[in-house]
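Scrolling down, you'll hit the structures one after another.
After this come two complexes, each holding chain A, first together with chain B and then together with chain C.
This part shows the complex of A and B:
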């Protein structure tokens, strides 16, 4: 049983994170207009670059592992593609932005590169998804819109491994599967369970959240034959399109806002419950298996476990008094907490993340067999979890502690 | 208030998302929903006289009226449910809520919240509702409360 690797990148919420291909760098947005790039140096993550071009909050980041390009989306209704190029004067490598005209009049909410990295999809609040592909002739990114039948803000998207189909979760309480086929980029996709002829904007499936919640997260299984979505009514649904057979798991906990598949028969979801939860199943049925966060033992005394900077350098200073001051600094708590982490004034959760997990992504392993996942949350922490390290869920309330 | 503030701006929006598009409507006719509710109220009375609380609760929670144009049936269903809740011994509540299906638990939670929003209405008793709420939350978790808030199929 290995404990998760935890890094406190900041005290502000992390809206999104994306690792580069070899996982030596991570781009995060610390609830601001800038992207901060951290590089791993030994056990620590240090800031090496800041990408500033957006003039409103950045909502999502994706880093293409092979072509090493970053795409960012923001509430300023724009997306930028960042490419690392050599500065002609200094010879240093710098990130050069290219503006992508999305042609939308609302915020861009979510962005993902396609598996082949030749196009990307941007979810927006304008009831549309912009599919952007590169136009060699004019040297710019052109966008085409998926509009019908989206009725509200699109909150999340996920690409099918065939580079054509796209799943989208939206605030009109539906998860949909679209074709994002672009003639100049894609070759005709082989027929799949989602359909055979797939011109642009074909709706291959439309699934409602069971009790009417916004669909926060969508994900295709590694083969792309199964779709999972998590919605704000505290449910996770798994869709087998030939049928269609839909398995809905109603949760006892608060809703999940992000999910990722770790194998064809398992997925990890996380959200307002502050811990990553593992589900597994097959075409015969799905169930909750357990949590990656062993909440049976208190993690207070605290929160320092594995923390790059604080944990390694302070050494013997890591006492109760130090803990109190750090709490005051990082979390604004002025009341002294006891070293054991109990007491009526203590608000520390038993989970690693101290607030909502906003993003969960595969970290290591292959798409068919993910070994580790990374999470970031509103508490400013980045955690890397071993997906095989599943503990039983203690207590029906999840992270919520009842006194 | 200025008159322009009272303009129904949705009437000028071609793409307006209507309440009725957010959930699947009840396939039953409003008149039939009312008949069902009346039949259930009678069934519940006979179940209660036999002391069969789980049976009575199941009857009223399955196929609960929701949506527009069924206000009378909704009122009757709430009335019936409140009668059941009030006539249950508080020591039995915990086992009863555990025996319900997840869908029934969600519907029960909706009624509990509806009852709490109408203090003093009929036989609604705050302490009884809070007692049920506590036991139901223990059994079904806060996810059940979340679904009560998100579900547009309002009872």
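This part shows the complex of A and C:
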């Protein structure tokens, strides 16, 4: 049972985060046009690089673990592939961007490398998904569009382990599975539960939840035989295509916007409720298990539980006086009493994240058995959770404090 | 008129040979590409007796090409003729610089090959079928 590791990377929302292969660096977009790369030095994360090329907000980042390339997508309708090369003048390693023309006329919302890292998929607001692959002949990233039958912005995508199938969640309230087979890049995939003989843009399945609602997050299970999606009607649905059987879990909490599988029979979802929730099940049924954020333990002054900020080891910088000023600076509250005492002026949540969690990614372990997950949110914090540390969801209605 | 891309004499000879080759049955095609580094046109390959759908499979998805096609056309009264058709194969996913070069040299190629009928195929393999060619020629 280990407490989550929390790092405050800033006060601005973190739109997206991606760790590199050995988890020594993380690329983060702090709600801006630039990517900030943090490197782990001891117990903290320090800024080592800033990648500036995009003209508008960066919506999503993905870091390919084996080929060490970063792909970023932005509201400026472009994507850049960044490669670490040696600068000829200084000899240092710098990140060199390559523009990828997506040929869309709306913002790009989400990007993910394929499992073999030879293609990547970009979800866009142009009712299309751009599948980009590298054309050796012309030295150029080529994009092909998955269009039919998407009717609105695509919000999230996830690749199947076979490098061909792609799940997409869209604002037209549907979760779909497409075939993104590119002729010269992929070899014919073996038949799976989703179908066989799949030319580009075949729809292998289209699913929605009972009350509808934007599909914010989709994810394939580690083997790729099961699909999970979270939609805005506060449900999480798990689809077994061979039936087809869909298990929908309706929740009392606010909707989830991101999810990730931790094993073939369990997944973690997070969203507007500000805490990661674990679900578990099999082909026979699915249910909510608990939360990774144990809100029932009593919190010390101001809830600085497990804070990785510099100075937490040193006693004198952790006193109440310093904390009051830190509170006043970051949260604007000037109350001299501790946060737990005052009722009316207190705006702090019991959970680790103080605002919506926007992104949850596997951190350590294999795809079949993830040990830790990392989350970032609108509060500017990065947290790393132990997946086995599941606590029961108490009657505190998630993070809401009732007096 | 300035010529951005040169057409070597060997290519002109190949085109003449293709034009006057006796055809009995089937459609034949000669595929030409623009070499961006050397700024010349070069012949890629020639097909004897290939269907439009197979030709669409052979052509690259992300690169522009010129295709001179000797198409076996069956008229409504049963006659068979073999008109020459020039296909401007220019998928939109091609690299922009190459696409512009290809477009600028197209008129030149057309006068060299001396073909009057032109079919533009901009969307890749879906745009080159027997139906589209028949529609243009009949």
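Quick note on the criterion: the second predicted complex is superposed on the first by the 381 of 403 C-alpha atoms of A that agree within 3 Å, B and C clash if a C-alpha of one lies under 4 Å from a C-alpha of the other, contacts with A are read in each partner's own complex, and residues count from 1 in each chain.
Just so we're on the same page, a residue touches a chain if its C-beta (ideal position, glycine included) is under 8 Å from a C-beta of that chain, and two chains touch if they have at least 3 such contacts.
Just so we're clear, the structure is a prediction, and the values are computed from it rather than from any experiment.
Using the contact criterion defined above for the overlaid structures, shared-chain residue A:186 touches neither chain B nor chain C, since it reaches no partner. Look at A:252: by the touch rule set out above, it reaches chain B but stays clear of chain C. Contact with neither chain B nor chain C is seen for A:62 once the two complexes are overlaid on the shared chain. Of the two partner chains, chain C is the only one touched by A:137; chain B is not.
Within the superposed three-chain model, A:53 lies out of touch with both chain B and chain C [touch as defined at top].
Look at A:212: by the touch rule set out above, it reaches chain B but stays clear of chain C.
In the superposition on chain A, no contact is made by A:379 with either chain B or chain C. Of the two partner chains placed by superposition, only chain C is touched by A:103; chain B is not.
Judged by the number of chain A residues each one touches, B leads among chain B and chain C. In the superposition on chain A, contact of A:294 is made with neither chain B nor chain C. The touching residues of chain A, counted against chain C in their complex, run 101, 103, 135, 137-140, 142-144, 183-184.
Chain C makes touch with chain A in their complex at residues 60-63, 92-96, 98. On the chain A side of its complex with chain B, the touching residues are 127, 151-152, 172-173, 208, 211-214, 231-235, 250-255, 396-398, 400. Interface of chain B with chain A (complex): residues 15, 17, 21-24, 102, 106, 138, 140-144, 146-147, 150-153.
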